[in-house]
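In the two assemblies presented below, chain A is common to both, partnered first by chain B and then by chain C.
Our next item is the complex of A and B:
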């Protein structure tokens, strides 16, 4: 297709989209209105299941199946990264040199590490009560671990971060979600239904299966992000072409 | 008051997003993306969506820029591939 043809095709598509989009925008309820049909029902359902964080109730109770889908997307994405960024036959692993870190960076990263880690774990644990949950807290926890890379170097990070363990955690988190869903079937209810005792409203033990599903997502996301970043770090720091400096023309161009 | 905050956050988001598109250097783009993540997190907070704001803050302003920076480092580490070559495209 010529450049001109492509441009016309784009213009026709863009015009049609703009028309439909503008029409849809005019039918929206006004910004900041007080009437929220879905919101009211979601809040009522969340309160009836003793879950203070309505978003967690939507994610892990009312729409638990959707969250299984989202969790699986992340799982598949991490799996794809692990396969794509593996060490190929013509690549070799070199130990990175110990890095020199400025004292201020080192102290700042070391001081932040425990706080960031604690906040991440707090956000996971309180998913059913306060904003956040397994996904948000998981990403924070996984990122906090990498402050060690800033504070020291890659070797220090590798020493405290056994990747195979996190790979198992990734799979176990994903599996735990499905198993919890199947458990509801065994209890005589629907897949992923909230069958556990609901507990006292706004306490750590409230929400029934929301706690288990939230924890499963927390484990999966923490492990998944650690594995994801580990593969990227491996490629950036350790893995290089076996015959660096001789023949890398074609390969190099493909990746730029 | 909330409306003013929302408008300021929207302007920040529009500015940061435009800057991210106009920047051609991936390293600078990563930094601008990080700022865009922060602006989006602010916007979501003002719109009373703290859950989404937390996700945006963690993923948009930390993990994504980090992945971009690591990728740039990997691409530039190959000797013989001058950095100019990468910038041509």
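Our next item is the complex of A and C:
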């Protein structure tokens, strides 16, 4: 199909979509309305389970089974990326050379690293009582680790980031979620039901199984993102075509 | 205009799809898909907004305070995670395409290759 034909097809489709969508919008409850039956029930359910962060309660308690599905999508996507970005037979791995980093960048990144890491772990740990949780905190923790790549070079990052360990962490996080759900079955309740003591409202130990599921997701997301970034960085920095010359081995960084 | 936030979500979606249709570069196309998907975040949060509502976290707010709908916020969270990982998977596919076919222009990728 020519570019022009494709554009026309899009315009026709877009016009039809816009018409249906606008009609639907006028039949939706008005923006900002007070009436939210599901929201009110979710808030009541979260408060009765002593979980101050209602969103964490929805994700890890009321809809815990859906979150298992979502976690599995994450797991499958990481697995797919690992398979797609593996080193093939006609490629070779070159060891990246040490890179020179401007002192200011180095000190800034090194100073930020512990804080970023701590914030990530804090966000994971406080998922049940404050905004955040395993998904958000996991991403912060995983990217905090990569400040070392900015501060030094790829070799330094590789030393503190054993990828096989994080691959195991990814699988362990996924497994821990299922095991927690099976634990609820053994306790005589439904799969992924909240069977643990609920604790005192708005304290770190409140929420029952929300804490465990949140931690499992935190481990999986942290490990998954580290593995994901490691595969892309390997492609950019280390893996080159055998007859490609050696323009990949310079760490992807500018020389000073 | 109480429907304006909903209409904006539809507009973002159409802009994203327009980018996909006219794209000459697969990395750009993956970016456009992310834009089209982000319209769902706007729509979900717009549906869940409650005038005068605060965040649905009760650790430092009285338990009877008016909050926005937590269910759609949880859905938006799900949406973002799935969107980010699928974007990563698509970009990995583009990396392989570039290596095997030497191009990221979708129009140049017409031939089958074993």
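In this text, the second predicted complex is superposed on the first by the 231 of 256 C-alpha atoms of A that agree within 3 Å, B and C clash if a C-alpha of one lies under 4 Å from a C-alpha of the other, contacts with A are read in each partner's own complex, and residues count from 1 in each chain.
Here, contacts are C-beta pairs under 8 Å (C-beta built on N, C-alpha and C of every residue); 3 or more make two chains touch, one makes a residue touch a chain.
As the structure is a computational prediction, the values presented were derived from the model and not from experiment.
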Overlay done on chain A, so just call it for chain B and chain C: clash or fit.
-> fit
Where does A:43 make contact in the superposed view: on chain B (first), on chain C (second), on both, or on neither?
-> second
State whether A:55 touches chain B only (first), chain C only (second), both chains, or neither.
-> both
State whether chain B or chain C is in contact with more residues of chain A in the superposed arrangement.
-> C
Would you sort A:114 into first (chain B), second (chain C), both or neither based on which partner it touches?
-> neither
With the two complexes superposed on chain A, say which partner A:77 touches: chain B (first), chain C (second), both, or neither.
-> second
Kindly classify A:235 by the partners it touches after superposition: chain B alone (first), chain C alone (second), both, or neither?
-> both
Considering only the touch criterion stated at the top, classify A:162 as touching first (chain B), second (chain C), both, or neither.
-> neither
So, A:98: does it touch chain B (first), chain C (second), both, or neither?
-> neither
Overlay on chain A, chain C to chain B nearest C-alpha distance, Å = 5
Residues on chain A in contact with chain B in one complex and with chain C in the other?
-> 53, 55, 131, 135-136, 228, 232, 235, 241
Note: in the complex, chain C contacts chain A through residues 2-7, 10, 14, 17-18, 21-22, 46-51, 55-60, 63, 66-74, 77-78, 81-82, 85-86, 88-89, 91-93, 95-96, 99, 107
Parts of chain B lying in touch with chain A, wherever the complex brings them together = 50-51, 54-55, 58-59, 62-63, 66-67, 70-71, 73-75, 77-81, 85-86, 89
Touching chain C in the complex: which residues of chain A?
-> 3, 6-7, 9-10, 14, 17-18, 21-22, 25-26, 28-34, 36, 38-39, 42-43, 46-47, 52-55, 57-59, 63, 66-67, 70, 73-74, 77-78, 80-81, 84-85, 129-131, 135-136, 202, 221, 224, 228, 231-232, 235, 241
Residue ranges of chain A in contact with chain B within the complex | 53, 55, 123, 131-133, 135-136, 139-140, 142-143, 146, 225, 228-229, 232-233, 235-237, 240-241, 244-245, 248-249, 252, 255-256
